[in-house]
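Remarks on the structure that follows.
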């Protein structure tokens, strides 16, 4: 269910970008995302197109800093979110030698009915379900 | 009120991409979106930049698979969302011969106060309305 | 905490785009966003890739029209949102001679736990906080 947008500086190799996607996918698995649920857009930007403040909150960001925005179902606890952030930062550090300071992440939470994975169907809600828009949490 | 981001593989014609936008717009009209409320960003990606799992949920996606993310006002019922997905998938199939399996969609819901359509105004809430951030559903 | 995506027509100067980012940042400061909290992606589009209806709601948009999508913490009042829209429109008009009609804005609101600004941490929630996903408003 997550949809991931990764915005990073131009000039890295295809393999580097692919590995970033791998790390985010692997980290999402650890907070309950199903296997193979991988939908990602990875976009390169020039220096002028990606502005990530170099010192906000006292964290020093380099020219390699990137931003990861993840849309996913609502309902994760704060601890699960913290665990997700840590897994992403650790994975990018371990596999790509990225600085953990360079990794900013934002989550956008939505309802289960807000996804169609093909065929024009809403796979996460049953057809027999409510017709009143009751929220389907998680 | 909807704002639509369409991310698709590079190499299609301008007309092809335009028609995708037309189909999404037409489908939104069927769930109560006003005429001419069309705000869309259509972005092409290389193979490496658009990763859409080829089999998730048992749905076979081809190299033509795309992702449509729609930000819109909250309040649609699950049935309306289902109808929207079906209209988009049917429209892309009928008008562009796209495979319905190739069409993934995600909705992000927001409040009516979260839009400005020009002139620095919040056109969907009246100036006399609350000042307490009360949600204005739909 | 805000993450800003600015989608605009191609062909403007680097300085022009930078100033758009400056204006949005300055406007966010006026509604309580902390100093240096600037995280922005600015993307150029061809005519075919950025479709902004030229007359929706009776507002005439030119070929210079752009769209600004801001993800930020929930909790601003309608008046604060209105003030933000006005500041952005006024700033772009004053500093870049942009037409106020050409400026469309959308806000996506999230919880405080939905941000990591580096180091794999969730800087806006304390580690001692709840583990039940209780919303941390603002």
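A, B and C are the chain letters, set down in written order, and residue numbers restart from 1 in every chain.
Basically, contacts are C-beta pairs under 8 Å (C-beta built on N, C-alpha and C of every residue); 3 or more make two chains touch, one makes a residue touch a chain.
All values reported here derive from a predicted model rather than from experimental measurement.
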Topology of the chain contact graph, where touching chains are joined (line, ring, star, complete, other): complete
Interface composition of copies chain B and chain C: same or different, split at half: different
Distance between the centres, which are taken as Cα means, of chain C and chain B, whole angstrom: 19
Overlap residues in chain A, where contacts from two or more other chains coincide: 43, 108
Of all residues in chain A, those that touch chain C in their complex: 7, 43, 45, 48-53, 55-57, 59, 61, 67, 69, 75-82, 85-90, 100-109
Complex contact set, residues of chain A against chain B: 3, 14, 17-18, 21, 34, 36-44, 71, 108, 110-111, 113-123, 125, 127, 129-134, 136
